[in-house]
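The following pair of complexes shares a single chain, subunit A, combined with subunit B in the former and subunit C in the latter.
Take a look at the complex of A and B:
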């Protein structure tokens, strides 16, 4: 503790106030989650109440959630969408990013500019037409799970920026050396770039897996009115409207916990890749 | 304002530099615009030249072409079939057959109805038992959508036709020179090598065209029709109305029928304020938190970081919906404050117009600070430590170090991010929709809009709740114009974004 004694009073005051600030901050950040847990385990009444700490702890909310509601079906839907999306979106993003980063061809700039401009249209604008196109294929309402997989995958090509930024940092001389040795472009892609791109692959898979769990906008429109085809976000959202909130509030919390815990655990365990992805992406633009 | 030399420019502080850039941009705007306008005839002339050149090329191929090439103008793939390119030939032939089949059985009918969008929606006939029978005839929505699909199909077909003709031309020339044109195997091989980008991009681009480009094109067309709740197919038809919807939305007369224009203006202003405040408050506070956590002598860095990052991990529909319930009139925050005696009556955190606006901005900090904390941490660690060392030796205070080293570095590196997060905030659906749903509603607004509605959430209400598609489409287009204009200005101000190859 000698180290600390050498610090001046001013320095110690600054450190102290930073600690106070950070601890307050963490408390504020944690309150909603603590509240969520308390409500999920509350035994008495399913409505909103005026106190935080439950009078009776129980697992009844989970019991209702899993047996009396369609929650498991929604959970399964979302899981299927998330897994499929993780595979498809990753493949598509890597393909687009590689092509635009490593190859020079006619129309490349045009494609990049077009995607930039398309990205400026609010996503929801195209939803109505997308809905009817999906309907043409019979992929709405009760079939909205494959429908959602299709539209997530179809538009994922536009999110290539971060992966491209990563590929841009791999020296081009590597490709050229391999090309001189007679490797084809596809061989370079699979044998040289892919093994080096592990962080960005993990990042893309992670984001593609997590995104469908939180999507409300698209899912609510595509699966409109068909409870069996809801994802968790749409299903749980309905429980908080005026007619349902009194009988479902704590069950919503239980459901929220059920969704959040695995996602959060996954996210935390892969946090390193996420940080690399967002910082790299932010820096590269 | 006089023009500065390079050296004088570099001597300015970052904020002054930005001001200078901005004024230069504004001053150059008229010149640039007139330059752009002057370029239009030139550009048109160039287009004419390319088109005629292109037609000449095709004509040349036809004139010089032998029997096989000429037949290929009408029967696609004919030449290829007889020039050792059977694989290509079959593909082209199949495409033509599919196209003709598509046009005859599907496309042509819809395309010819595009002008009127249908004549009769429902035909009422009385059957032999005296009951009324409804037969749905024309569906404007289907006509428009399938018409658009057909147009894209035709464009795609013309493109393949041109490729077909050009290939014939080259193949013929090669044979005249005594070279055997590439076979199917070589084509496949090339798709894995020099033309690998085609393999990689084919499926993603097809997806984007079908599920992004066509829908956007369709919605732009919707903005010029009267498709709304009183013109819902299949019972009713809708029709082209020209620019009327834009007039409704942008009229300057804001009394009576101009209420839409008034609502639009108010919501646009709030959207811009929201995007500006949300972006910069998150940016600076996130940076501040990152600096605090990374400060030398602070322990448990990882614990602090992990707790903050949890808000990113937990799906927003859980966390934001919960927070919105906590701040509801009957929510836990009000009851807690009441029991403490801090307030005597319930505060409408999210139900009083102005307070709700402040609250969504504050709650958005809760969502946004962790992101910025992560990004800033990454960037801060990259700032060379010796910069700070030498600043310390020169006696620079902590604040001075921040404004002279940390801030310029951060701004330089995260400039592009600021732009993208600004435009993302303009379209930030989740935070507003899940927190307030645009509420509190006010009677001053038209179209079901509320005080905290952004353009994007208003767009959602307009389509899903109000079925007012025509005006929703107009809003969507206007959002695009706003975002595009801002991006254009920022792009012009920051040269760093443009030079893509610099990074490699």
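Take a look at the complex of A and C:
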């Protein structure tokens, strides 16, 4: 049997303080969420009130949300955009990252650096220009779902960095062996590299799903004034206007709960890979 | 099975560095060629150009009847074994070996037969179901070889395949490669930095330095008549000894002198020296450590050396010393030829005299290092 040396009083104190600090932090983080849950189930009124725990519990807010508002339409819009982007962005990011990791061509360094620098500017700097370009194509207001998919997917190649770091850790001689065995570049990518890159694929899918799911700025600009084309973030936010807030506040909270469900589920189920993907890429950047 | 020709093959990288200068070699069908040299000499680059993994900057490479310069690796009908094995980690051993056949759309039962056959040759039948992660280094290397032989390629390329193995396993695998070669009868190009591997495996050896070919020849040729000082020093352990010597005519014949010691030249060197338009006075005389013979101190034409270090290797004794004309001379003595007392006595000595086995000497040009007796010898490149 192994006997561990018991910790001294001082060590116990330090460890205890750290735990107290972390638990407090968790509690503070959780307060808004708990508040949201309570408000979502509050039955007595839809207005904003000064207390937290509801006097009457009810599911009425959800009922209103799903039957009397356009929430389902928004939810559907967001889901379509997020899923489409998850597919498109994952394909684009992995292809770009693989090419930058494996192929040597003129301007490769320049492209990598340029993308990195461009990525540091916030996206909304180009918002006005993007809006007008999309408008020319007729992809704003009522058509903003395909418009938004286009925007998100178009810039996705710039997020190559982590995936490239991951590919760099896979020995080049594997590609070479496969090419000599008779595989074309694309076959090497799909048959040899992809099966080994599961963590980074999952990481990329998650990132590609989450970003449009919670996007507000672009979505509100592109879908401006056209209620049917809102995504959840924009739609819900409209209920916080001065004229809406007292009739919609608890319904807003119920909607918030629905929004958090897919993201939470995604994270919970893929957490293991997520960590592997981030750190796997980080070892050799 | 095919001949391979490399004609003026050249490799220059984008930054201007020339990795291989004008490489010329005709490889015969079923020949085993070893490319050997210190790291950075361009041997791997040359192999990778044959494989199609590196672009060729100049010249042409011909496999069989085809110029393959612009051909994809998969169309060249070659197989390659990598130093780090490069097994596909997510596939079983069976699938690793079968991968190339699957890509070539070989029917399943034929694949099965070929994979089992290759596995049997290499003795890895019981490993077919495992993943590469579950194998030892030697087993992985066998699988890598299996993956290469299963397709019966025209040319078999090996890039330092034994470097990642420990010494004992390396010896064992070396012997197996020799046996393998008997079984699969194809053209081999093998890259190594280990001169023992080069000597034991190669029908012919290509020695390279700084992107230049130093000499091409059979192991025996390279050992006994190295084309220049670099080849002489690279092949053989311990290294060949070099003496500053003087060439003088005595009667009808040229003789070499190390200090007072007079050394007669073997007849082929004698003839080669006579043919020279200008016979140099100063030359570098090279002789292998086993061809220095310990003698009495006052024996005629002997050289006396001060002993610095004596190494008892078990079957042989290496004496490191310093003498006239050479800062570093090594004498290799066969320990089994001496009694134990003689050995002990030798290990204690601080001076030793030796004579040279005259028929084994080589003479090199002092400036460019070329062997005077080898036609078309290549000068040692200067950095």
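Here is the rule we go by: the second predicted complex is superposed on the first by the 267 of 285 C-alpha atoms of A that agree within 3 Å, B and C clash if a C-alpha of one lies under 4 Å from a C-alpha of the other, contacts with A are read in each partner's own complex, and residues count from 1 in each chain.
We adopt the following convention: contacts are C-beta pairs under 8 Å (C-beta built on N, C-alpha and C of every residue); 3 or more make two chains touch, one makes a residue touch a chain.
Since we're looking at a predicted model, the values are computed, not measured.
A.B. asks: Following the overlay on subunit A, give me a clash-or-fit verdict for subunit B and subunit C.
C.D. replies: fit
A.B. asks: Please work out whether A:196 is in contact with subunit B alone, subunit C alone, both, or neither, and reply first, second, both or neither.
C.D. replies: second
A.B. asks: Between subunit B and subunit C, whom does A:125 touch in the aligned arrangement: first, second, both, or neither?
C.D. replies: The answer is first: A:125 touches subunit B but not subunit C.
A.B. asks: So if I put the vertex at the Cα centre of subunit A, how wide is the angle out to the Cα centres of subunit B and subunit C? Nearest 10 degrees is fine.
C.D. replies: It works out to roughly 70 degrees.
A.B. asks: Thinking of the overlay built on chain A, is A:256 touched by subunit B (first), by subunit C (second), by both, or by neither?
C.D. replies: first
A.B. asks: In this superposition, which partner touches a larger number of subunit A residues, subunit B or subunit C?
C.D. replies: Looking at subunit A, the partner in contact with more of its residues is B.
A.B. asks: Which holds for A:174: it touches subunit B only (first), subunit C only (second), both, or neither?
C.D. replies: second
A.B. asks: Have a look at where A:184 lands relative to subunit B and subunit C in the superposition and call it first, second, both or neither.
C.D. replies: In the superposition, A:184 touches subunit B and subunit C alike.
A.B. asks: In whole Å, how close do subunit B and subunit C get at the C-alpha level once superposed?
C.D. replies: 8
A.B. asks: Residue overlap on subunit A between the subunit B contact set and the subunit C contact set?
C.D. replies: Shared contact residues on subunit A (touching subunit B in one complex, subunit C in the other): 184.
A.B. asks: Okay, in this complex, where on subunit C does subunit A touch?
C.D. replies: The touching residues are 51-53, 72-74, 78-80, 82-84, 86-90, 99-100, 103-104, 147, 151.
A.B. asks: Hey, which residues of subunit B end up touching subunit A in the complex?
C.D. replies: 141-142, 145, 149, 189, 192-194, 196-197, 199-201, 203-205, 207-208, 210-216, 218-219, 222, 289, 292-293, 295, 297-298, 303-304, 306-319, 321-323, 325-326, 328, 330-332, 335-336, 339, 366, 370-371, 374-375, 377-379, 413-417, 419-420, 423, 427, 429-430, 433-434, 455-456, 459-460, 463-464, 469, 472-473, 476-477, 479-480, 483-484, 487, 497, 503-504
A.B. asks: Contact residues on subunit A for subunit C in the complex?
C.D. replies: Subunit A reaches subunit C through residues 171, 173-174, 176-184, 187, 192, 195-196.
A.B. asks: How about subunit A: which of its residues touch subunit B in the complex?
C.D. replies: 7, 11, 15, 18-19, 21-22, 25-26, 28-30, 32-33, 35-36, 48, 50-52, 92, 95-96, 98-99, 103, 105, 108, 111, 115, 117-118, 120-130, 132-133, 150-151, 153-158, 165, 168-169, 172, 184-186, 189, 210, 213-214, 216-217, 220-221, 232-233, 236-237, 240, 245, 249, 252-253, 256, 259-260, 263-264, 267-268, 271, 274-276, 278-279, 281-285
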